[in-house]
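Pasting in a structure now, in C-alpha cells, and then I'll have a few things to ask.
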C-alpha cells in the first residue's frame, strides 16, 4: 500500500506508481485493479492523493487561448491552413485574420502566402481536434524577417519564465525581439551576433530546465556574452 | 531435462547476449532509440502523431500505427540484401505493428498516424525482436500514451536444449531446431508476438515461453533505464 | 517567407556568420567510425554535425560488363531513409537519392580510385563487384559530401571475403584490402546571394541559390555536379573550385 515512486521521479509507460484505493489516478495515469500505472513517459506529481504525470515529450496539444506560432501550408477559398507543430493542422478563417471586407474569390495569398509564419491565438479546439485560430488581438501578426527556432513545447513555460521573467532577461540583454509560441515554435530577430547569444541562451534554458539556480546561470551567461 | 552445459558462444541456456539500449539517437525524429543485442543492432524512429494522407486511410475513431522494418543492404550474413520491401520485410513489418498496437492508446488522435521506422545496420538473428524493443523505447520517447512497453526476444531449442536469444549459428544448426520470436507486455505478462520456425514438442514450447518471459523482464529493465537516463536531469529538482 | 528568411541569412553572411555561429568556410565537427557492421566487408559511420550517414560495402563475384571484360564492377546505392527526416517517405528512391548515389559513384569511378584490373578473377567471366550502400540515419544537410566521404572510407575499410573459384564464403574474410589507388573527396560549395559557404545544415540548404560539387584527388578534378535553381558565372566557378580544392585537403585528414 502507498506510493511506489517518489514525487518528481521520471517514470515510463507501464510503471507502477501506487498501490491501494487511497490514491486517485489523474492525467497520464490509469488504474488497473489496486494499482495506479503510468500511461506515458513523464514526471510524477503526487502532492496529495492525486497522482498525475507531467509530460516531458510529445507533440503540442492545442489549448484554447494559447498564443502560438504557425506556418501557412495551404491557402483555401475561405482562409489558411496552418501547421502548428501538433498532430493536426489549424484553420485561420478570413474573418478572423483580415479587418477589411474580402470579396469571395479574392486571391488570399496577397495577405498571407505559403511558408509565412504567423503569431496567432487559438480560439477553439473542437472534440474532433479541429483548431480555429485568430489574428485579432495584441501581438498577433505575420512575422517578418527573422529566425524561426524549434524548442520542446514542454519547456516553453520555463523559457518564458514567471510573468515572462526569463524571456525578458534574454531580450533585454541581447536587444533581440523574441516571440516564443506555446507550441514550441519561436522567432528571434536582432543583430546577428546578438541573435546567436539569444538562441544559445534559449537552448541552455531548454537543456537545463529542471536544474536549480538556472536564472542565475543564464544571467551569468548573458553577461559574459554581452557585446559592448 | 535441462543440461547445465554452456552454449557454443559460452552463454548459459537462459542467458541473453549483451544488450545495450539508448533513447533519443535520431535528432530529427519525435522519438527514437537504438537497441543492440549481441551483433544485432536496430535503430527505430517515430514520427507523429501526424496527419494522414490520403484521407481515405484515416480512421475517425483512433490514430493508426504504421511500421516499416528494413534491413540495410549490407547488414545480413551472406549476399547483399536488395533494397526496398520484400515479402519477408513486409510480413515482419506487419507482425511488429501487431506486437506494438496492444500497448498504444491512440484514441486521443483520431484520423492521425504514428509512423515507426526500423532500420538494421547489422544483424545476427533476432532482428524483429530487436526492432520491437527499439520501437517501444522510441514510442515512449515520442511521448505517446502507452499502457506498457513491449519487450521481445527469441526462444526455442537447439537439439533439445531449450534456450533464449538464438544466434544465427544456433538457428541454422544441424539437427532439430525451433526458433520462436516472442514479445511480452511486461506488466501484465501477456504475449503480443508469437511465431515459430522449426519443430518442437508442446512441453518444450511451454518451457521455452516460461524462460523467455523471464528474459523479457530483464529487457524491460534495460529499456526503462535507457528512457530514464535520457530524461533524468543532472541537477536537483525545479527551483520554483 | 522564403524571401524574408533569405534576407535574414544574408545579413548573417554579410557579417561572415552562419546560423549556428560558424564562419562561412567552416565545417561542422566531423566523426568517422569504422567497422560498424560486421556482415559488411567494409563499413563506416560518418557524422557532419547532426548529419549521420552509414556506408557498407558488400563484395560479390559477377560477370563483367562486355565492354570492360577484365575490370571489377562498382555499384553505389543510396537510401534517404524515412527514419532520418520527417521529409523523407518510404517507397522507391526519389531523384534526390538517385542524384546522391550517382554523384558518389561518378567521383569514385572517374578518379579511378579502385584499381579495377586487380579485381578481375577470370577475364570475361568473373570479376569482383563492389557494392556500396549509403543509408541516412539523421539528415541535417550536406548529404553529398558526407555520403562521398563515407563511401571512400568504407571502401578503404573493406577486405575481400574468401572465394574458392565457385562461391564466396562470407564467413571467411581474407586480409586482402581493396586495391585503392586514389582517394576522391567531394566538396560541395553552396552559394546564397554573393556568398559561398560549405557544409550547410538543412535550414541553410533550403535557402541556397546554387551549388557545385567538386570531386578531386590530390588537386586533380575528376567530377563536377552543379545543382540548385540559379545559374553560375565563370567567375563563380573559379571561386568555387578553388575553395573546394582547399577544403578537400582538410576533409581528407578525417580518413
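A few points about this structure:
We just call them A, B and C in the order they show up, numbering each chain from 1.
Assume a residue touches a chain if its C-beta (ideal position, glycine included) is under 8 Å from a C-beta of that chain, and two chains touch if they have at least 3 such contacts.
Treat the numbers as computed from the prediction; the structure is a model and nothing was measured.
If the chains shown are joined wherever they touch, the resulting network links each chain directly to all the rest. For chain pairs B-C and A-C, the one joined by more C-beta pairs in contact is B-C. Between chain B and chain C the centroid-to-centroid distance comes to 32 Å (mean Cα coordinates, whole Å). Averaging Cα coordinates per chain places chain A and chain C 38 Å apart.
In chain A, no residue touches two or more other chains.
For chain B, residues touching at least two other chains, in rising order: 50. Within the complex formed with chain B, the chain C residues making contact are 36-40, 43, 50, 54, 56-58, 60, 77, 79, 81-86, 90, 92-93, 131, 133, 135, 137-140, 170-171. Chain contact summary for the complex, chain A toward chain C: residues 71-72, 113-117, 143-148, 189, 192-193, 196, 200.
Within the complex, the chain B residues that touch chain A are 30-31, 48-51, 63, 103, 105, 109-112, 140-149, 185-187, 223-224, 227-228, 231-240.
On chain B, the positions that touch chain C within their shared complex are 25-29, 39, 41, 43-45, 47, 50, 68, 70, 72-80, 83-84, 115, 117-119, 121-124.
Listed in rising order, the residues of chain C touching chain A in the complex are 1-2, 4-5, 7-8, 11-12, 15, 17, 19, 21.
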